[in-house]
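One chain, subunit A, links the two complexes that follow: it is found with subunit B in the first and with subunit C in the second.
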Partner chain A sequence: MKTINNIIELVGWEAIKLLIGLIGVLVVVVVNALVLTWAERKVSGHMQRRIGPKEVGPCGMLQPIADTIKLIAKELLTPQNVERPLYFLAPVIVFIPVMVSFVVIPFDAYLQVKDINVGILVILAFSSLSVLSILLAGWGSNNKYSLIGSVRSVAQNIAYEIPLLLALLAVVLMTNSLSLRDIVESQKGLWYIVSQPIAFLVFFIAGVAETNRTPFDLPEAESELVAGFHTEYSGMRFALFFLAEYTNIFIICAITTTFFLGGYHGPILPGFVWFFGKTYLLVFVILWFRWTFPRVRFDQLLNFSWKLLIPVSLLNLIVTGGILKL
Partner chain B sequence: MINLGEPIFILIVIMTVAGALTTVLSGSVIYALIGLVATMFGIAGLYVYLNAPFLAMMQILVYVGAITILIAFAIMLAGPFYKRPKEWTGIGKFSAALVVSVISFLTFFTIIMKVSWTEGKGAFNLLTKDIGRALFDRYAFPFELISLVIVVSIIGAIMLAMFSRGKND
Partner chain C sequence: MALTNPVAIVKGAVSLIIGLGVTIKAFFSPVVTVQYPRVELKISPRFRGHTKLVADKDNPDKTSCIVCGMCEKNCPSGAIVKVVGEKKEGEKKKTLTSYILDFTTCSQCGICVEICPVDALAFSAEYNRAVFTREGCHFDLVKEFEKRKIH
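What follows is the complex of A and B.
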């Protein structure tokens, strides 16, 4: 006990809190990815009238753990002609935005690593790093499919980041704050999905596009690009991209919950149950999208953002500002 | 209690300078770009130390999120010409670069020495609201002028692109 007190005195309580928070974040990231890989296969299975994984554990629930062991045990292949530093750097960078985003998300009234007064900006600013990582992966792989995949991904991300920001801005206008906690607290009475339905729709569509999920999964369109930007990756490096993708899905759904579905507010049950319940409901919707909508063509994808989503979200912003001023 | 602030500050400074050196000295465009990203992050870190988190996030959002990604996009569209030999050119280019850098250094130096900086330890507490007020109230005219310049350059870029596209067809 004495040594613990000494350590706390040495580095300060704040640093210890941050460390505990980061460990907690890592646990959430890994568990979320395990649950989502299982859920994805199970949901896909049932939607196609199959059963999905069922051999390992009850209802196949231990399947993701078996997969993880397989991925860890795999040999790390490094193709001969890759640009080595970039090839190794990309799967590492993909994780920075993911970790940073978790720091500011309020899971419950007191379950948040740190409330920063520019919280939402932190998430949005660091999310651009995942684009950079995809770019580096595609470029460093020295493979034409990877390169095409990453170029597509960047074009898509640039196009959909604008409606995403504009939709969130409408909510920020209503709360007068960039802190995620304040935004959740202001939804105690009325959720923003009721007062900002257009912003919610625009944000969710743009969010699905940002995570490169179907119907916007052109960067990894397997029928034409093998696997897109991560074609040349295997073993744990591939697993890192996978982990980041599933965590990104979770983050987009968590931000949607925070901004439009009242975050941790809800009757009877404790806050974090509501938070995770709402978030995983949205995750289910995204998994559902995959077996409902066919992949869009690239020109359709860009036209949809530039000609529909951006004007609509701009109009929504103007109307919101006007009403608030009245 | 150990002061964690100082070592982190030194790390940030090293990252900024190393990134800048990579950007300037690297023979490959894509490595230069990564150096630029590192520098931008370093500058954002310095903003955090100046107690301006909003500016820091804007720095990352605009410079890392938009500008470097666009540069990367342009590099990729231009074709994979990495592994190109380094170009250490002759005395002409070197002296030109020297003149330009000396002039820009002197300009910045005189400006920095002339401006009277607000001093203060922790008293310098800028709110996001104040930045918004300054932009749309006191400096509204220059702000709008900048957007006009950007609109002109966008229209110019579109005109150039359309013109050259028509030629190729």
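What follows is the complex of A and C.
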């Protein structure tokens, strides 16, 4: 009897911990999306020497909230002849894998929902699921632009998942662990950006491509495909795609911080400040890319991955392995 | 193929970094947007708005117009609809009482300003007037002159 009670108590505590973590993750996801929509418009404004939003709240900071209210209040239009189950499922599916990735990210030395010993595998497995929802959205929309956008997205994600993984593998070789916390802890002295600069570059480029951001934004390509895979989505369904995109940006930047920029390590300030500071610096770099680089052509996109990024990251892996063996 | 040539790759990477430099410089440069209804740009002194009546040098309360009607006669578009004056008791010259400019047909050619023998006309710097009816474009320059005098 006592042992059963103990087990219930134990499970209960774990469940409560997970629940609190999940709520925290939800808050981070939503706040991050709000901040990023504002930052995106503000940064793009200043890069074009405009002001950006400024009317709602101080410096336009309440603009995302006004936008959210607008999106929630909008009617959910369903076009005729869509593949109904797929069409409804896609915006939900796009959001769930994104949430799972947050569980294993160490925000601070003790601020992590759960430290899994295959943490990086979890993130990579679930983030590659988001391409499935893009495919569902494109297929279910019964619209040629959506379909072209999603097919492009699939080809792109397959091509860029490989260098992404190979770049991380070099770091894993040096750490001998797949747990994100172990990887951060092993960077106490030297960040991996110093010892693995090529892996960092390859990972960041592939990460930008994974999140479908410019210059690799072919799946959404406004100028050619209307809005790509989310052409037929409006209101809250569109907002979910939007939320997922911004959360994906955050996750890619967070993983880059964890793997190459020493995660929560840093002098004086508390760890999570360092973590979020580094992450948002990388987010700024991605926004900066958007207003600097034009969109690449599709053959250039695939060639860049298969002919440059993959050979380079493989070479990097071999050299890393060789040096470690010596 | 450019991707197999290391020199081309390095050159390309450098060009990307130069591009990033251009945008970050723009990011930290001052904003050029003017918040129009709240802030207005300074208008060039040679800007041609609609015509306005100029105050007399010796007597700033009055215009120097002598109601000769030259502007009305010389207007190529017939935009100057009415120039009326009256001779008041004890004054030598006529005094202007009404000067209607139909701004819908005025092309700001400036012949009225040039031809005026007493330089009573000039271009205003006003460029953002909005009206709701066609008649709203019939400006009474005398009334506007009086209004300016009060302010």
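Note that in this section the second predicted complex is superposed on the first by the 315 of 326 C-alpha atoms of A that agree within 3 Å, B and C clash if a C-alpha of one lies under 4 Å from a C-alpha of the other, contacts with A are read in each partner's own complex, and residues count from 1 in each chain.
The rule is short, and it goes like this: a contact is a pair of C-beta atoms (placed from the backbone, for glycine too) under 8 Å apart; a residue touches a chain by one contact, two chains touch by 3 or more.
Keep in mind that what you see is a predicted model, and the values were worked out from it rather than measured.
After overlaying the two complexes on the shared chain, residue contacts for A:V154 are found with subunit B alone; subunit C is out of touch.
If you count the residues of subunit A touched by subunit B and by subunit C, you find the higher number for B.
Once the two complexes are laid over each other on the shared chain, residue contacts for A:L178 go to subunit B alone; subunit C is not touched. By the touch criterion stated above, A:V122 is placed in contact with subunit B alone, subunit C being left untouched. When the two complexes are overlaid on their common chain A, residue A:I51 makes contact with subunit C while staying clear of subunit B.
Within the superposed three-chain model, A:T78 lies out of touch with both subunit B and subunit C [touch as defined at top].
Residue ranges of subunit A in contact with subunit C, taken from their complex: 43, 46-51, 288-289, 291-293, 303-304, 307-308.
Put simply, subunit B touches subunit A in their complex at residues 1-2, 4, 30-31, 34, 37, 53-54, 57-58, 60-61, 64-66, 68-70, 72-73, 76-77, 80, 82, 128.
The touching residues of subunit A, counted against subunit B in their complex, run 9-12, 15, 83, 85-86, 89, 116-118, 121-122, 124-129, 131-132, 135-136, 138-139, 142, 147, 150-151, 154-155, 157-158, 161, 178.
Those residues of subunit C that touch subunit A in the shared complex are 1, 3-4, 9, 16, 19-20, 22-24, 26-27, 29-33, 35.
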